[in-house]
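In the two assemblies presented below, subunit A is common to both, partnered first by subunit B and then by subunit C.
The block that comes next holds the complex of A and B.
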C-alpha cells in the first residue's frame, strides 16, 4: 500500500511540475471556478426568493449539496477524467503498448497517469462551502453523520470512477469516445440539484444510467440527516459492485486489445 | 532446442480478424448490421532461438510481420498458435518479474510525457520500476554520459528535436537495466549522424550489459553495423535465419566484377554492365561463371586492376522481396 501511495505521489508531483509550466491555466481556473460558484449561488438565491424549501431542502441544505457537487466534481476533473481522456488518446495512438509493458497494474497506471491539479481549487471551494453551510445551519453534524458522509463520498467517487472507466474502456472497440466523456460531464451538471426535484424518468437516469445521484445527492443527504440505513448500505454495495464490474470489463478489454490490435 | 536460449520461439502464428467493407454509403450501412470478416495471417510458423547477448535484426518490407513478432515477444499480443519463451517466461502473461527485465522502444510512438522535463519522465519510470535510488543515479549517469544527455534532461520534451527526443526515449527505457531489448525502428526519421550515434550506443549497451537486442529497421546500415545474424520475414513467413554474409551468398546468384582498363573497351559480351566510367567498369556476372569470365577478361583485354565483390546487401534483399512478389 505504501508503495502505491508513493507511486501516486510521484505522479502527482510530476503533474504539478507539468502544470506549473502553464501559469495561465491557473488564473483561468480561478475565473472558471468563480463563475461556476457564482452561477450556483445565484440560482439558489433566485429559487429561495420565491420559496422557503425546495422539495424539502432548505437553502443551507442546498448549499451543502452544492459543496458536495464542487468537491466531487473537482475530484472527477482533477484525477478521473484527465487520466481517462489520456487513455482514449493512448488507445488511438498505440502508446497504450508502453503502459502494458510496465511491471505495474495497467489499470492503476492509466487511472493516476494524469492529474489536473488546478481542479484542486474546486475541491477546496467545495470544502469551504460545506463549512459555510454548517455555520449557516448553526449546528455541526454528529460523528456518525460525518462517518456516513465520508463513506458515501468515497462510494460516490468510486461509482463515478467505475462508470467513467467503463466508458473510456469502450474506446478499445469504438475509437471515438471523447464525446461520450463530454456527455458525461454535462450530465454531471444535473447533480447541482437534489435528484428528487427531477421528474421520475430523469431521476432514474441520474441514478442508474449516469450515477450522479450517488455521487452528489447521497453524500449531501448524509450530511443533512436524510440518509436511511438502507440507502447507505445500498450505496456501499453498489460501489463495490461497480468497482468489480469495471475491473472485470477492463481486463476483458485488455485481453481483446492483445488479441486484435496490430 | 537449447534450454539456455534467451528467446525461444516455436511454430509461432498470428491471425488477425479484420472487418472489411466495400466503399460507398450503402455498404457502410449494411456493415452496421452484418460485417464481413476476413482472416489475415500476420505471422506464420516462425521458429527460432536467440542466445543471451545476441543482437538480431529482423528484416522485411512493411507489413511483413516484424512488428507483430516483436509485440508477441514483448507480451503485447496473444499468438494464435505456437509457443514463445523469453527469459523463461510466457510473455503474454505479463508477469511483473518478466516485464521488469524487458524494454520496448518504438521509434514511431513516443512514451515520454510531452509537457514535462525529461528528467521527470525518468523519475516516473524510476517509481514504476521501483529502481533503488543508488542504482538509478548510477544508470542515469552512465546513460547521460554515453548519449550526451546532460543538456537535455531539464528541458521539456516538446522543446527537443526528433533526434534528441529519441536519445531520451531510449535512455528512459533502459533505466531499469533490461536484459532484453525490443527496438522497433529506433532510428526512423533521424539524420545520418544521429542514426550512427544511436547505433553506436546500442552496441555499447549490448557489450556493457550483455543484454539481448532484437531490432527491426528499414535502414540496412543499422542492421549491417549491429547484427551479425538476421532473420528475414516476408508475408509472415521466415525466408532466412543466419549470418548476414551467408544471406548474400545464398540469395544472390551474382557477383560484381570491377575492372580498370588501360583503354575503354566494350565489355557487354562478358556480362551485364552495371556502370561504366572512363576507366572503371562494373559487370554483373553469375557466380558460376566468375572464374571463367575473369580469366577471359584478363587474357582478352589490357586490364590494369580487377576485383570481384558481393553485391551490396541492400540490393540483394531488395531482389529477394521483389522476386517473392512476382512468385
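The block that comes next holds the complex of A and C.
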C-alpha cells in the first residue's frame, strides 16, 4: 500500500512540474470551472423558483448533489480518464511494452500514469459546495451518515474506475476506443440531477449501462439521509464485484496482448 | 451566380467525403444531441408534475415538444466556426483560403450545410425516439407551421453571420477559448435551449428582448411546438431581418479590419 501511495505521489509531482511550465492554463481552468459551476447554479435557481422540491429534493439537497457531481467528476477527469486515454494511445502505438516491463503492477501503473492536476479545482469546488450546502441546511449530518457518505463515495469512484478500465481494456481488441470514453463523458453530465427524475428507461441506462447513478446520486442520498441499508449494501457489493471483474478482465487482456511495435 | 453554385457543389462534395471518414463521431454526436433535451424534458416535467401537472402553461408533453423543437432548430442553426478560427490564424491556414477567388465564408457555409445534410438521418432518429419516449404534444396551427421554414432559414443566416463575426476575434486575440465558452453558455440560456424564455426572471427577460439570441433558436422552436400569434410572428421576422442586416454590416467591417491585421505565420 505504501509503495502505491509513493508511486501516486511521484506521478503527481511529475505532473505538477510539467504543468507549472504553463501557468496560463491555471487561470483558464479556473474560468472554465467557474463557468461550469455558474451554469449549474443558475439553472438550479431558476428551477427552484418554480417549485419547492424536485421529486422530494429541496434546493440545499440538490446543491449537495451538485457538490458530489463536481467532486467525482473532478476525480474522474484528474486521474481516471487521462490515464485511460493514454493507455488506449499506448496500445495503439505499441508503447505499452515499456509499461509492462516495469517492476510494478501494470494495472496500477496505467491507472495513475497521467494526472491532470488542474482538475483538482473541480474537486475543491465540489467540497466547497458540499460545505456550503451543509451550512445552508443548518445542521451537520450524523456520524453514521458521514460514514455512509464516505463509503458510497469510494464505492462510486471504484465502480466508475472499473467501468472505464473495462472500456479502455477493450482497446486491446478494438483500436478506436477513445470515442467510447467521450460517450462516457457526455453521459456523465446527466448525473447533475438525481436519477429518480428520469423516466425508467433512462434511469436504467444511467444505473447499469453507464453507472452514473452509483457515482453521484447514491453518495448524495447518503449525505441527505435517504439511503436505505439495502442500497448501501448493494452498492458496496457491486463496487467489490466491479473491481474484481475489471481486474480479471485486465489480466486476461494482458495475456492476449502481443505488442504492436517492432 | 452560376459560378457560385459550382463552388458550392464542389465544396459540398469534398465536405461530405471528409465527414464520411468519421462515422464513429456520428454515434457520439447522436448521444450528445439526444441527452441535452432528454435531461431538460425530465427536469421540467418533474417540476410540472410536482406543481400539479402544469407550470407556466406547460405540461410534460408541452415541455417535450418545446425541447425537441429547440433541439431541431439548434441542430439546423448551430455552427462551430469560432472554435476553428484561432487555429486558422495561428497556423497560417488562412493564406491558401485567401488566395481563392471566392470569399472564405462560402467554404464555411458549404461545409456546415454538408454536415447538416449528413446528420439529417441521425437527428430524425433522435427526434422520433424522444417523441415516443416523452409523449411530446405538438400543437402548432397550419399557419404557424408554414412560417417555420422561413424563420428557420433566417435563424441560420443570422446565427452564422454573428458567429462568423465572433470567430474573427481570433485576428486580434490568441486565447479565444474562454470567450467562446462564455458565448456558448450565454446562448444556451438566452436562446431558450435550457428553458422556455418565459421562465427566466423578469430582468433577464428584458435583456433577452434586446439581444439577438432568442431569434436564433426560441422563435422558430415556438413556431414548431406551440405556435405563435400573427403579431408575434411578424415581430419575430422583423427582428430577425434587422439583426441579420446589422450582423452583415458588422461582419463586413470586422473582416476588412481583421484582414489588415493578419500576417501569415508559416503555412
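In this text, the second predicted complex is superposed on the first by the 258 of 262 C-alpha atoms of A that agree within 3 Å, B and C clash if a C-alpha of one lies under 4 Å from a C-alpha of the other, contacts with A are read in each partner's own complex, and residues count from 1 in each chain.
The rule is simple: a residue touches a chain if its C-beta (ideal position, glycine included) is under 8 Å from a C-beta of that chain, and two chains touch if they have at least 3 such contacts.
All values derive from a computational prediction rather than experimental measurement.
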I'd like to know which partner A:182 touches here: subunit B for first, subunit C for second, both or neither. second
Is A:3 contacted by the first partner subunit B, the second partner subunit C, both or neither? first
If we overlay the two complexes on their shared chain A, which of subunit B and subunit C does A:11 touch? Say first, second, both or neither. first
Subunit A positions touched by subunit B in one structure and by subunit C in the second: none
Write out the stretch or stretches of subunit B touching subunit A in their complex. 16-17, 42, 67-68, 71, 74-78, 92, 94, 96-97, 99-100, 102-104, 106, 109-111, 113, 115-117, 120-121, 123-124, 127-130, 156
Looking at the complex, which residues from subunit A come into contact with subunit C? 24, 28, 31-32, 35, 38-39, 42-43, 46-47, 49-51, 53-55, 176, 179, 182-183, 186-187, 189-190, 192-193, 197-199, 201-202
Residues of subunit C touching subunit A in their complex? 24-25, 27-28, 31-32, 35, 38-39, 42-44, 46-47, 50-51, 55-56, 133-134, 175, 177-178, 181-182, 185, 188-189, 194-195, 199-201
Quick check on the complex: what are the subunit A residues that touch subunit B? 3, 6-7, 10-11, 14, 17-18, 21-22, 93-95, 97-98, 100-104, 109, 255, 258-262
